[in-house]
C-alpha cells in the first residue's frame, strides 16, 4: 500500500517537475510546480512529519507560488519570451545527467548510517509532531530562529525598496 | 665649592633665549647689545672667580654633576662639568675674548636688520663653546662641539640672502659633520673598548684613569685617537678638511674673530689636550697629528701669500696657526699648544677686529660716496694709518706678535712649539723645518697685509677716500684691550731658558704631566741648540718682514713682476691649490650622480620596476581571464554545477 | 518496503530536473521556479534522513530552508520587477551587464 | 576607570565617529571642532599612562584587560587581550598626541567631504592604538588591518594627483606582507595547539615560551620580518613610501610617518624577535646590512629629490634605518636608542611633513625650485623649520641625537660594529640633504614673485608646532623621563630573547569575563 502510494506520487512529482521546465507558458510552469509541491507534502506525511507537510503547503504552495504567479501576471509575460531554451541545452543536459549519475552512485553505494535516534514513531505518535518541532525550535534553536525572523524582516524591507519605482 | 660653574654657560643661554624671543619686539639696539654683552661679561666674572679659586687650590680637578641625562642600563650619563687648569684657561679665553667681541659687535653691527638675531646667535655660541670646554664627559662636550658648529652655520649664513653666504654656511656645517662623524666613531669605539674592560663611562676623568686598560700603542687606541683627530681636523680646519674656514669669512667680521679665529676653531686642539692621556698612548696618531699640523701650517701659509681679500688672508693665517697648535699637540707639547691657542686668541681676534674696523670704515666711506667697491679688497686700501690710528697701532702690535718677533706674545708660544717639534722625543727636525718655513711666510704675508692696508699711498676711490673715519669707541676699546694682551700675553709663559718660570706650563702641568711622564714625552737638547733654533726662527721671521717691506714699500712694482715670472705657481697658490675644485669633483659631484642614479635608475626603474612588473603581470592575466566573465547567468550556473560535481565526485571516488 | 534510499533517489531525480531547468531555461521566473524545485528536493532528503536517523534537527533545517526560500522569493521577485522595468524583459540573456 | 583605561582609550575615537555621523555634513567647523575635541579627549584619557610610575619599576604588562572572545575549543580561540608596557607606552602616547595635531593641521587643508575625512582619522586612531596594545596575535592582526583601510581612503580620496596609484601601491604592498604574517600567525597557533603547550588563545606571553624548532622559526621569522620590513620600510621594500607620502594629504603623511611606520619596528620588537629568537642570529647580519643600506641609500636619494615631501619621505627611510640598526644590536642601549628614535622620528618627521604642508597650503606646490628666500617672508616659520631641521639631523640637545647616539652605541657594543661605522656616515649625509633643501627653500633672495605674498604662520599653525618643539628639546635634554619607563620592559624582553626559559613575570592575574559567548558549533 505504502509502496504504491509512493511510486504513484513519485511519478506525479517527476512528471510535473518535468512540465515545470518544459512548459512554454510560465503560468503553466507555476501550476505544475504547485503539483510538485503537493506531492512532496504527501511524502512528508508518509514520513510522519505532518507539520512539515502543512508548512510545505502553506508556505510554498500558498505564499511563494502566489507571489510568483502574481509577478507573472503583473509583468504580463505570457509568451513574450521568444525561445524557451538558451544555447546551453546540450551542456545543461550533460551536466544534469552527470549530477544524477553522481548522486545515484552515491545513494547506491553509500549507506545511510546513524539510525537509532530518540525520535521514533512511538515518540512521534505519543507527543505529536508539532510539539516535537516546537520543542526543538524554541529550545535548542532559539537563536537561529530569531535570526531567521530578522532575515525575513530584512527581506521584506529589501523587497519593498527594490520594487519601489523611485529610490 | 665650585658649585656655580653651571652659571658660566647658563648666562649666555639666558641672553640668547631672551634676545631670540623678545629681541624682535624690543628693537632697541642698545638694550639688545648690552644684554648680550652683559651676559657674557657675567659669565666672565664667574669664570674669573673660579679661575682664581682654582689657582689657589691644591686640588686641581673638580667635577660638578648637575643632573642625570641619559640612563640606559649600565650606561649612565650626567650633565656634568669639569674644571681643571685646562678648562679654566679656556673659559677665561672664551668669556674674555667673547665679551670684548660682543662689545665690538654693538658698534659694528649697528643698523643691521637682524641685530637681535645676531646677538642671539652670538650668545648661543658662547653657551655652546662654554659647554664644550666645561663638559665633564665626552657627550656634554659633543653638545658644545656640535652646538658651536650650529652657531657657526647660523652666523656664517647670517646674510642668508646672499647665495655665497648660505653656501659657505652649509659647507662649514657639512665639513664639520664629517669631522663629527670621526668624533662619534672614536667616541663609540672608545666607549666599547672600555666597556669590554668593564668601565662604562664617557667621563673624562674616568677615561683618563682607565686609559691604561687599553694597550699602549695598540691598534685600538690608534684607531680611536685617529677618529678623534678626524673630528679635530673638521672643527679646527686642518688638512684635509680646512676648506670651509676661508669660505666662512662670509659671516660678519666679529663672527670671524670670535668663532673662526679665537675660540671655535681651537676646539680641536682643546679636545686633544683634554684627551692627552689617550693620544700620548698612540705614537702613530701623534705623528700623524704632527705631520698634518706641520703641513697645514705650511700650505695654508703659502695660500696666504697670494690672497687679496683682507679677511681671507687672516683666515689662511688662522688655518696656518692652527696647524702650529696641532704640531705642538703632535709632538707632545700640550701646554705649548694651549699656550699658543691662548696667545693666538688674543692677537688673531685683534687682527680680525682690526680688519673689521678697516672694513667698517671703508664701508662707511663707500656708502657715503654711493660706491659699490669691495671694502675687503686690500688693493683698494693703503695709507690708512693716518685715518685710523688706533686700529693701525693695535693691528701692528698683533702683526708683530703673530710674526714671532721677540718679546711679543706670539714669540714665546711659537718658539716653544718650534723647540718641541725639534727636540721632543716625538719630534723630528723636518717638522721644525716645516714650522720655521711657515713662520717666515707668516711674517711675510702678515706684513704684506699691513703694508698694503696701512702704508703707501691711498688707493681708495677718490670720491670715498676723505670719508674714512676712525671707528667708534665700542670698536676701538676691544681693539686696545686685545692689542694689549697680544703684547704682554706671552709673559705668563716665558720659557726657563729666557729666565722665566714658565708659570703657564706649571699651571697646566696637572693635566698633562702624567701622560707625558708615562709615555716618555719630553724635549731634550742642549741650551745651545735651543738658543740657536730661537735665533734662526727670529732671523727667518725678520727676513720675511724685510722681504715684505722690499716688495710692498720700497719697490711696489716688484710683486707684479714676481707674479708674471712665476705665473703658474702663483695661479696655483692663488686658487688655493685647487683643493676646492678637487673636492667638488671627487666627492660632491659623484655623490650627486650616485644619488640621482639611485633614485632615477635604481629606485624608479629597478625596485619600482619589479613592483609595477608584478602588477602588470597580474593585470595581464586578469585581462585575459576576464573574458570568462560572459555575464550570462547560465554560464555561471554551469560552472557552479561543474564545481559541485567535481568536488562531490572527488569525495565519492 | 520503501526505504530512505527510495526517497533519496526521488530527491536526486527532482534535483537533476531542477538543475537542468536552471541551466537551460531563459525565462528568469521559470529559472526561479526550478531553483524552488531543487530546494524542495533537498528538503525531501532532509526530512527522509531525519526520519531515518530519528532526530529532529533535519526538519528544523528544512524550516530554515523554507524561511530562506521565502526571503529569496520576496527579494528575487522584487529584483525581477526592477529589472523588467529597466530592460522590458526578464530573459536571462539580457542579464549580461556584469560581463567584462 | 583604570581597569578599562585601554579599552576606553582605544574605542573612544570610534564612539566619536558614531556621534560624528549625526553632524550635518556641510557644517565643516563643527565637524573639525568635534573631532578635535574627541582626539584631545583621547589624549587626556591616555595621559594617566604617561604619569604612571609602575613602568619604571616593572617591565611586565600593565593595565591588563582580558576577555574571552571567540572560543571554538582547540580549533580556534582568541581573546580580547590588552596590555601596555614600557615598549608600547610611548608609542601609544605618541599616537594620542599626534592625532589632535593632525586634526588641527587639516583646518584649512581639507575641503571635500570633511565628515568622511574626520571619521577616517578617528578610525585610524582606534586601529593604531589597538595594534600597539594588543597582546593577542590575532587581535593584533585585526587592528593591523583595521588601520590599513582608513589610510587607504585618506590617500585615495583626499590625496594629490597620482593618489589612486599611490593608495593601491600602499595597500597591496602592506597587504602582501600582512597576509604572509597571517599565515605565520596561524602556523604558530596550530603548532602550539599540537605541541600541547599551555596557551591562552593567541596570547603572545604564552607563545613567547613556546619551543619552536629552528627551521620553523626560520620561516616564521621570514614571514613576520617580511611583513614588518614592508611597514618600516626597509630597503628594498620602501618604494611605496615616497609615493604614499607624496600623494597623501598632510594629515595622512604625518600619521603615516609618525605612527604607522613605527608599527613595523614595533612589530619586530614585540613579535618577530622575541617569538623567534633562535632564528634571529641568522637574520641579523642581513637585516642590519639592509638597515645600513637604507640609511645611506635613503640619504643619497633624498639629497637629489626636487619635491620636498619626497625628500622627507626618503629621509624617513634613512631614519628608520637607525631604528632598525639599534634594535638589531640586541642590547639595552641599542634597543633604547631604537625605541627613542621611533618617538623622535614621529616628532621630527611629523613636524617636517606639517612644515611641508604649510608651504603647500600657501603655494600649492612642493617643488624646491619654486621656493627660495622664504626666510625673509616667514621668519617664524624659518625658525621653526630650522629647529626641526636640526632635530632631524640629530644635533645634540635635540631629540634626534639621543636616539641616534644610543642606537649607534648599541650597535658598536654588539657584533654590528662595522655596520655601525657605515651607519654613522649617515649623520653626514643627513646634514647634507637637510641643509641643502633648507638653503634652497629658505635662503637667498625672493626670486619667484609668487613667494612675495607669502604670509607667516598663523596662530593656529604655531600652536600646532609648539608641542612638537617642546618634545624636540625635552627628549634631547631630559630623555630619562622616557627612558626610565622603557628600561624595565626592554631589559625583560632582552632577557626573554636571550633565554627563553626565563618566564615572563605576570604582575597581575587577568580578569576573565565573557563578553560575547558564541555557542560553539563544533562541540
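Order as written gives the chain letters A, B, C and D; numbering starts at 1 within each chain.
As a convention for this text, a residue touches a chain if its C-beta (ideal position, glycine included) is under 8 Å from a C-beta of that chain, and two chains touch if they have at least 3 such contacts.
Worth saying up front: this structure is predicted, and the values here are computed from it rather than measured.
Colleague: Measuring from CA centroids, which chain ends up nearest the centre of the complete protein set?
Modeller: That would be D.
Colleague: Report the inter-chain centroid distance for subunit A and subunit B in whole angstrom, where each centroid is the mean of the CA atoms.
Modeller: Averaging C-alpha atoms per chain gives centres 95 Å apart.
Colleague: Please compute the C-alpha centroid of subunit A, do the same for subunit D, then give the distance between them in whole Å.
Modeller: The answer is 57 Å.
Colleague: On a C-alpha centroid basis, what's the spacing between subunit B and subunit C, in Å?
Modeller: Roughly 90 Å separates the two chain centres.
Colleague: How far is the middle of subunit B from the middle of subunit D, if each middle is the mean of its Cα atoms, in Å?
Modeller: Centre-to-centre distance between subunit B and subunit D: 39 Å.
Colleague: Which subunit C residues reach two or more other chains?
Modeller: Residues 19, 23-24, 92-93 of subunit C each touch two or more of the other chains.
Colleague: Do you know which subunit B residues sit against two or more other chains?
Modeller: 632, 634, 638, 641
Colleague: Residues touching two or more other chains, restricted to subunit A: which are they?
Modeller: Those would be 86, 88, 91-92, 95, 99.
Colleague: Can you identify all of the chain pairs that touch?
Modeller: A-B, A-C, B-C, B-D
Colleague: Please give the residue numbers of subunit D that touch subunit B in the complex, ascending.
Modeller: Interface residues on subunit D, with respect to subunit B: 169, 172-173, 236, 238-240, 242, 297, 300-301, 303-305, 332-333, 336, 373, 375-376, 379, 390, 395-397, 401-402, 405-406, 408-409, 412-413, 417, 420-421, 424-425, 427-428, 431-432, 435-436, 439, 442-445, 477-480, 483-484, 487, 491.
Colleague: List the residues on subunit A that touch subunit C in their complex, please.
Modeller: Counting only subunit A, the residues touching subunit C are 2-3, 6, 10, 13-14, 17-18, 20-21, 26, 29-30, 33, 36-37, 40, 43-44, 46-49, 52, 55-56, 59-60, 63-64, 67-68, 71-72, 74-75, 77, 80-86, 88-89, 91-93, 95-97, 99-100, 103-104, 107-108, 112, 114-120, 132-133, 135-137, 140-141, 144, 148, 151-152, 154-156, 158-160, 162-163, 165.
Colleague: Where on subunit A is subunit B touching in the complex?
Modeller: So the residues of subunit A touching subunit B come out as 86, 88, 91-92, 95, 98-99, 102, 105-106, 109-110.
Colleague: Under the touch definition given earlier, write down the residues of subunit B that touch subunit C in their complex.
Modeller: Spelled out, the residues of subunit B in touch with subunit C are 626-627, 629-634, 637-638, 641.
Colleague: Taking the touch rule as given, give the residues of subunit C at its contact with subunit A in the complex, in rising order.
Modeller: 1-2, 4-10, 12-21, 23-27, 29-30, 32-34, 36-37, 40, 43-44, 47-57, 59-60, 62-64, 66-75, 77-82, 84-85, 89-93
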